[in-house]
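Dropping a structure here in structure tokens format, bear with me for questions.
Letters A, B and C mark the chains in the order given here, with residues in each chain numbered from 1 onward.
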Amino acid sequence: MTLRRLAVYVPLIVAALFFLLPVFVMLFTSFKTLDEIRVGDLLALPASPTIEPWLSAWQSACVGLNCNGVRGFFLNTALMVVPAVIIITALGAVNGYILTQWPFPGHKLVFGLLLFGCFVPFQSVIIPMARVLGLTGLQNSIPGLVLVHVVYGIGFSTLFFRNYYDQFPRELVKAAQIDGANLFQIFWRIVLPVSGPIAVVCTIFLFTNIWNDFLFGASFTSGSNTPIMVALNNIVNTSTGVREYNVHMATAMITALPTLVVYIVSGKYFVRGLMAGSVKG
Amino acid sequence: MTIQLSSVNIRRVGAASGRAGSLVRRHERLIARLLLMPSLISSTIFVYGFIAFTLVLSFTDSKLLPTFNFVGWDSYAKLWGLNNWHVALQNLLVFGSLYVGICVALGLLIAILIDQNIKGENIFRPIFLYPMALSFIVTGTAWRWFLNPGLGLERSMHNLGWTDFKFDWIVDSHMAIYTVVIAGVWQSTGFCMAMFLAGLRSVDREIVKAAAVDGARGITLYRRIIVPMLRSTFLSVFVIQTHLTIKSYDLVVSLTGGGPGNSTDLPATFMYDYTFTRNQMGVGSASSIVMLLAVAAVIVPYLWAELRDRREKGDAK
Amino acid sequence: MLKLARGIGIAAALLVSSSAIAQEVEVMHWWTSPGEAAAVNVMKEQLEKKGIKWVDAPIAGGGGQAAMTALRARVVAGDPPTAAMVLGYDIKDWAELNLLGDISDAARQDGWDANYPDAYKFFGEYNGKWVATPFDVHSTNWLWLNKAAFDGLGVAEPTDWDSFIAMLQAAKDKGLIPLAHGGQSWQDAVLLGNVTIATGGIEFYRKAILQQDKQALGSETMRKVLERVLQLKDFMDSNAPGRDWNLATAMVIKGEALTQTMGDWAKGEFVAAGKKAGDDYMCLRFPGTQGVVSFVADSFVVFNVSKADKAAQIEFVRTLMSPEFQEPWSVLKGAVPANLKANDALLDACGKKAFAEYKEAAASGNLVGAIQLFSAPAAIRSAVEDVVSRLLSGDLNVDGALAGVVASADAAQ
């Protein structure tokens, strides 16, 4: 291995170790018994590993009075996350495309207005949002949550796609126009096929954000309608009760699995973006 | 970008649809604008409408729920008299600059390293990204243990025999904010990396090749040629990170709960506290308006410069 | 015509069946740990015996912060639950907005006025109407000790400040952590409350903490209180900031630390670790606060609901306030019943002591709201918490803290 290669790998491995550290703590803890957690070293391997906490997290941990673990909440969350991510990404792609390839007077102002929406602190919209949901009859429902996530996700997806498409040469679309292709055809056949990497980034960002949202889920749904993060929070957080840290850690990792799968699967498309650029180009 | 690839497509698309008149073109421009309407309308209501609502509330003495008893600038005066608010603002400055700066630098560095045709990219990428996947509701606990001198790193080092080792920032009210930075960097550097990676892979390879022919290589190649081409990506990263800074709530609550004392409070925790826990919704609303103004003060000039600059460049073409 | 008649018939049938289903209560609370859930189950079962369905709406987190946010959202959306867990002064804030239901009929029927002490009525009533149900007693002026560690010191049980300090010093000399503390603002406040009662007595506590009398808050007695709080810091380990209360309890359980001052929910940790009251651990009143009970009461507020739901709501609050419910509940929750007519047969040694002391304090007027949630409206209480936290983190000195507590009296305006 050359010195140059070493200079690439050594920092990467060091950084990777730093990033993995907390997950080690969590993994170890999730396989320990509560007694061992009470007395043991945090960074030590479990002395007598047990999968009990994982089983408990999956099927018997109590979310309030329902002691069926988190398994029942995956569907709620999926029903919320998948439509929301699809809608937001689609809107973002369209917005980005129009703003860069079909500019009109004031398009920058429009972009700025959409973008500023990213900075609204979510805590300050809860009360008016609750009112809107109440008036539209969407309170305590998954479609209501989808709506909330969509309206506060558009800014981000527009940002991603707009900045990505901005690197597109304008001549491309002009040439296509001269050849008679219309708005939709250009988008569908020319722009969309090369949007892989940014679609991945956008999906990762939105999927994680919405999947991990607690504030909206807790505020606008209750009981069996709640998404998984509220369930996780209910298992993990207690004010005056005994804390089962091992179950907490296991639950946290189980609830993060879908996001992790998205990351690993979507990774392929990063590489594909590279391939499209270098091989065919 | 895949220009060559696409030009093949253009010809195909063009041939299929034939020539179009200028009437159709105008028609298309109208459609283009109409397509933006759903997004615009929703942000008019849910962003600007709600900001207006918060602004109105900030001039009332609302406590538990909105009430409309107007008291002028009282909430703002009170806000400014609160030590907690000043601490939160200072922390925002320290936390924000370090958090954004380190995430951007580290994210770019890792992205560049990963872009060196390394083996095991598929292993490294998720390792850097996974912290985003975990909710801070629980990772906060893991970090809190790890950073606590009596439970985590310091104790383990002592157990290993390095008894002089000291790492007690989290219990020190002057240093605790830096532990929030560490955990924050851990959580979102991966995403910056992902954005930079996407950016690097959309850089025109022809230009890079040409520059390499001219003799630019290694660090110079990146510094002079490639990184400047990532301007749009920097804009995205900057916006995302700033937004995360401002919204950092879970991070603080689960790591330090704002303590020791109130040394790690940030405006987001302040606002939540005053609006929902301390039953001073008027003050809470005032703080979110101030926060929005602060954000505007940072973001608007940046956007202005960024977007204007681009136009001039475009005009020059 | 026939079709229409049949349609009406179906509609009528639906109406009937839906009013039968309407016998349900939706209850928002933040009891979600296994121990707490077991206790809530008692509530649910007793209601189900009466034919009322329990609809669970739990939202855990941060002493109910998340639940309170969600509750606001529900109310604003026009869809409030039947009842929600709301504690202390927050009850009054809700009542002030005219959102709460009137349950005075249930109170008359079951004689709440006679069965509950005035300090409790204060948190159940608003403008002469019952709107909430403070139904158990969590007391915060406790000292929890590891018995083996205590016996090893060879000192007597502390009864006043000097003997308390002597005991802590003895533990320090032996290399133990004398006082296990969790440096979170509410725990700092528990400490402040106890030291205030121990130093100034109950009348001073009432004046300074409950009434925010500026003269009392700025007095030499208050200075002494703050100095004592700071003195206790010398007996804590340096890793206290940010620590959860239960980890501090674990230090006592393990014998790393001698004692912790905490509400009686700490007992749950001892029980979960298989420890026995009297054999493995001891519960003493915080030295200098004997005879006083500073309480935190679990309670629900009820919202205005439709007539159909009102019956179930009334049944719900009657259950909560009955001894038959409070007795088993208290065992599982680590509290004691608030109904003075309740029986202590089910309680353990510490529980029996606590219930007896509660009744005595109720009779003698030594029953006061704990500094946490029950001392003052949220704005003031939090301002006091801020000050004591900053004092303990070294951010303020005693002078600064004294000025801070005086200023906190104005926080609500």
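Everything that follows uses one rule, which is that a contact is a pair of C-beta atoms (placed from the backbone, for glycine too) under 8 Å apart; a residue touches a chain by one contact, two chains touch by 3 or more.
It should be emphasised that the depicted structure is a prediction, and the values quoted were computed from it without experimental measurement.
Enquirer: I want to compare two interfaces, A-B and B-C. Which one has more contacting C-beta pairs?
Expert: Comparing A-B with B-C, the pair joined by more C-beta contacts is A-B.
Enquirer: Using C-alpha centroids, which chain lies at the maximum separation from chain A?
Expert: If we average the C-alpha coordinates per chain, C ends up farthest from chain A.
Enquirer: Compute the distance, rounded to whole Å, between the mean C-alpha positions of chain A and chain C.
Expert: Distance between chain centres: 37 Å.
Enquirer: Take the average of all CA coordinates in chain A, do the same for chain B, and state the distance between these two points in whole angstrom.
Expert: Computed from C-alpha means, the inter-chain centre distance equals 14 Å.
Enquirer: Quick one: chain B and chain C, Cα centre-to-centre, how many Å?
Expert: Taking the mean C-alpha position of each chain, the two centres sit 39 Å apart.
Enquirer: Would you mind listing the residues of chain B that make contact with two or more other chains?
Expert: Correct list: 65-66, 151, 272, 276.
Enquirer: Residues touching two or more other chains, restricted to chain C: which are they?
Expert: 62, 69, 72, 76
Enquirer: Listing for chain A: what residues touch at least two other chains?
Expert: Counting only residues that touch two or more other chains, chain A contributes 127, 129, 214-215, 233, 236-237.
Enquirer: Taking the complex as given, what residues does chain A use to touch chain C?
Expert: The contact residues of chain A facing chain C are 38-39, 62-67, 126-127, 129-131, 133-134, 139-140, 214-215, 218-220, 222-223, 230, 233-244.
Enquirer: List the residues on chain A that touch chain B in their complex, please.
Expert: It comes out as residues 8-9, 11-12, 15-16, 18-23, 25-26, 29, 41-43, 91, 94-95, 98-99, 102, 104, 108, 110-125, 127-129, 132, 150-152, 154-156, 158-160, 163-164, 166-170, 172, 175-183, 185-186, 189-190, 193-194, 197-198, 200-201, 204-205, 208, 212, 214-215, 229, 232-233, 236-237, 245, 248-249, 251-253, 255-256, 259-260, 263-264, 267, 270-271, 273-274, 276-278, 280-281.
Enquirer: Taking the touch rule as given, give the residues of chain B at its contact with chain C in the complex, in rising order.
Expert: These residues of chain B touch chain C: 63-67, 83-84, 144, 148-151, 168, 170-171, 173, 176, 253, 256-263, 272-273, 276-280.
Enquirer: Where on chain C is chain B touching in the complex?
Expert: 62, 65, 68-69, 72, 75-76, 90, 93-94, 96-97, 183-185, 237-243, 377-379, 382, 386, 389-390, 392-396
Enquirer: In their complex, what parts of chain B are in touch with chain A?
Expert: 1-7, 9-20, 24-25, 28-29, 31-33, 35-36, 38-40, 42-43, 45-51, 53-54, 65-66, 106, 109-110, 113-114, 116, 118, 121-122, 124-139, 141-143, 145-146, 151-153, 155-156, 159, 186, 189-191, 194-195, 197-198, 201-202, 204-206, 229, 232-233, 235-236, 239-240, 242-243, 246-247, 249-250, 267-268, 271-272, 275-276, 284-285, 288, 291-292, 295-296, 299-300, 303, 307, 310-311, 314
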